[in-house]
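Dropping the structures in below, format is structure tokens.
Both complexes shown next keep chain A, but they swap its partner, so chain B is in the first and chain C is in the second.
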Partner chain A sequence: MERTFLGEFLKARERLFEGFLTTIEISSLVIVIGLAAGVIGGLLLVYGPKPVRFLMRVYVDVLRGIPILVLILFSYYGLALIGLNISAFTAGVVALAGFCSAHMSETFRGAIDSIPAGQTEAAKAIGLTFRQRFVYVLLPQAARRIVPPAINTAVEMVKGTTLLSVIGVLEILLATQQAIARNYMVIEFYATAMAFYFVLNFSLSRVGAYFERRFGFIKY
Partner chain B sequence: MSASPSVSPRAEPARELLVARGVHKSFGDTKVLKGIDLTVTEGEVVALIGASGSGKTTFLRCINLLEEFEQGSITVDGDPVGYADRNGTRRRISETRLAAQRARIGMVFQSFNLFPHMTAAENVMLGLVKVKGMAKAEARSIAEHWLDRVGLAERRDHHPFQLSGGQQQRVAIARAVAMEPRLILFDEVTSALDPELVSEVLGVMKDLAKSGMTMIVVSHEMLFVRDVATHVVFLDSGRIVEEGEPHALFRNPSSDRLRGFLGRFTDIIGDITTR
Partner chain C sequence: MSYNFNFSVIWRQFDVILEALALGLVLAAISLVVGTLIGLVCGYAFRTNSRVLKGLVWTYVEFIRNVPLLLLIFFCYFGLPAIGIRVFDKYESFVITLSVYAGAYLTEVFRAGLTSVPERYVEAARAIGLKPWQTQLYVVLPLTFRIVLPSLSNNFISLFKDTSLAAAIAIPELTFTARQINANTFRVMEAWLTASLLYLAVCYLIAIVLRRVEKRYSVIK
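Here is the complex of A and B:
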């Protein structure tokens, strides 16, 4: 009996679906944690006391300078050596979220720093407190500058989840490779994986485009 | 000693509103203010003039602590701005107290600094709602009133990028005045404007001066200074060299520095004392 792609796909569908969900789950966790940590990290980089700024700077520069795969291997095998036994899934989220937060912190810092000093001065002059200046004056202007690079980072994170196949996390790529190992339908199954990733990332960039339009009225 | 607040200001015509004593300020090793003493009474329009680098803008920015200063004191309405004496040491006051002080001192900037993500009306409303705690509707009607006063009733729902420089600066003035400050600081507010837009901004400032608003103005518009200021202060290298009533000061400058400074304007606009 001849093998058809549809037949093989149906056979592998449960594993593929599981991989798809895992990819989405890890990506969402990493992006949400990275973004939240990035807002805090960015604030510390701009307004933190000097020692805190210095530590944040080291964190951001070190993490951005290390390949994601190395971070993943370190967090999976390295943390186990020092007695932290975490699952491959957790190790992957830790590594990717660490990387993501470093990028988001830097994006956030850049966005705040690029707002003209006159904006803060005008906000001070009408009597706004630090928190009010940030919420009503700086953040809305920073948002527009954050969206494009933040979406880029998010897309990179979705792609970065494929590296977790190396430590045995069953995400789309590993599920695809396992299917191919059984049926040798290399082109068909890799093409399917590509389609998954494309749909995910294209949706992300559409979300980005929406927010860019939403903040597009802010002009100088 | 400052006047007791219970005394009616009408009974006391020359009520001191701002008192600066021995204000010193350095940027690194460069001393930009070397002991500024200045008293501004209520309703006065004080013009700070001088060459660039003389310290006039820096002093203006010290008044609402956009610039910190190392020595001396500035009090507005008897309240020392920015610093408090605690057991003999000079300490910065808390962020909240400083914000409250700043709310009573308006400022208009050379580069307008309107908030680009808000309409003209929203720019004026922000301080009213967030600092003064007004309801939005009330703030909106006050904003509309002031935008009308500066001739921008029809532009209130425009964003800054849709307005000319002169219009943006008038919104900025409305934003400062609407807070009902005790005094307003003007930092070279016409320097960034095209010549044909300068007069619309100066016109608004003249009206404001006539209404009795206390103003401290850094300006190179000597004709405006001569006609509107009640008191002119000439700064040179971080010191007050000469001060007085504008016509008298411009006619008979007693220092070579001021004579030289005014001479530069005479070349451009003719004799300031006679025109």
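Here is the complex of A and C:
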């Protein structure tokens, strides 16, 4: 019987769907952890005591200077070695979240630093405490500026989840490769995977572009 | 638990490791050069009035930027032979992929760079009687390169980091070599520490050197 792409796709649909869910799961985990850690990291980079600031700087610069694939492999083989019996999934999420948090920290630091000192001074002058200054003055302004670059990082992270296929996490790329290994429809299945990533990331990018336009009026 | 570090495995193969590192740098450098050419051509295409041309470039840039590099590498390496294009070995296939990938990012860079050359330079060039192609070649392009130099060096560092993905199609660069040492000797920590430190050191070295070059050639406003 003639093999058709549709037939093969239907045969592989369950695995592909599983991969799809895993990709979404990893991406959202990594982005949420990375963003939360990035806000804290950014704060520490700006307001932390000197030694903390220094350690954060080292963390951010080291993680940003190493390829994600090396981080993933390091975490996959290394964490097992120090006695943590964790799955490839967890090792991958740890590596990606570490990388993501480093980028987000730097983005958030940049956002806070770019707010003119006059804002903080004015807030101090009207007697706001540190917490109030941050919550009512700095955070709303920083949040607007962090959105476009944060979404860029998010897109990079979705793209980065494909690297987990190297350590055997069944996400879309690995599910696609498994399907191809069965039916040799290389072009069709890779193109399908590309279409999926494109739709996902392009929508994300558009959201980022929208916010960039929306907050484009802010110029200091 | 305790782990005894033993770096002798690393020292014994340090020449192999350095070669792997150099291979990554060469792959990144070629891709940067080809990517720059693609970026320039597409950057100029964006300045034309042709809607079709602009649409094509836009599609290329958006497509490449939103699809994972690893998938593109596999598509080029495994996919193209399947439709009868069998002329590339794994190195060529990787360099082509990385160049096309870099080209998309560099198109954005050159589009912005070409736009930011002040109009008065072009007017001055016309005033002294340069032909349009002379204006581009002797005035606009040199200025553009000076303007985009920081972006080019950042892109070079990213590309160097991206060469780690070549390990997925068994190109013996640093990540692949580290993985082999890891598999053959089980010196897990040593292998990955060495690879990480080398990547880090080289990225910083490139950054330091290129910052100096940037300072030397920066456009004084």
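In the analysis below, the second predicted complex is superposed on the first by the 206 of 220 C-alpha atoms of A that agree within 3 Å, B and C clash if a C-alpha of one lies under 4 Å from a C-alpha of the other, contacts with A are read in each partner's own complex, and residues count from 1 in each chain.
Everything below uses one rule, namely that a residue touches a chain if its C-beta (ideal position, glycine included) is under 8 Å from a C-beta of that chain, and two chains touch if they have at least 3 such contacts.
For clarity, every value in this text was computed on a predicted model and none was experimentally measured.
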| item | value |
| --- | --- |
| Partner chain(s) touched by A:Q141 [first = chain B, second = chain C, both, neither] | first |
| First, second, both or neither for A:P67, with chain B first and chain C second | second |
| Touched chain A residues, chain B compared with chain C | C |
| Which of chain B and chain C A:T153 touches, first, second, both or neither | neither |
| Touched partner set for A:T107, first chain B, second chain C, both or neither | neither |
| Partner chain(s) touched by A:F217 [first = chain B, second = chain C, both, neither] | first |
| Doubly contacted residues of chain A, that is, touched by chain B and again by chain C | none |
| Contacting residues of chain A [partner chain B, same complex] | 116, 118-119, 121-130, 132, 136-137, 140-141, 215, 217-220 |
| Chain A contact footprint on chain C (complex, rising order) | 1, 3, 62-63, 65-72, 74-75, 78-79, 82-83, 161-162, 164-165, 167-168, 175, 178-179, 182, 188-189, 192, 195-196, 199-200, 203-204 |
| Chain A residues within the chain C interface of the complex | 62, 65-71, 73-74, 77-78, 81-83, 155, 158-163, 165-166, 173, 177, 180, 184, 186-187, 190-191, 193-194, 197-198, 201-202, 205 |
| Chain B residues touching chain A - in the complex, by the definition given at the top | 64, 66, 95-96, 99-107, 109, 111-117, 126-127, 130-131, 159-161, 172, 175-176, 179 |
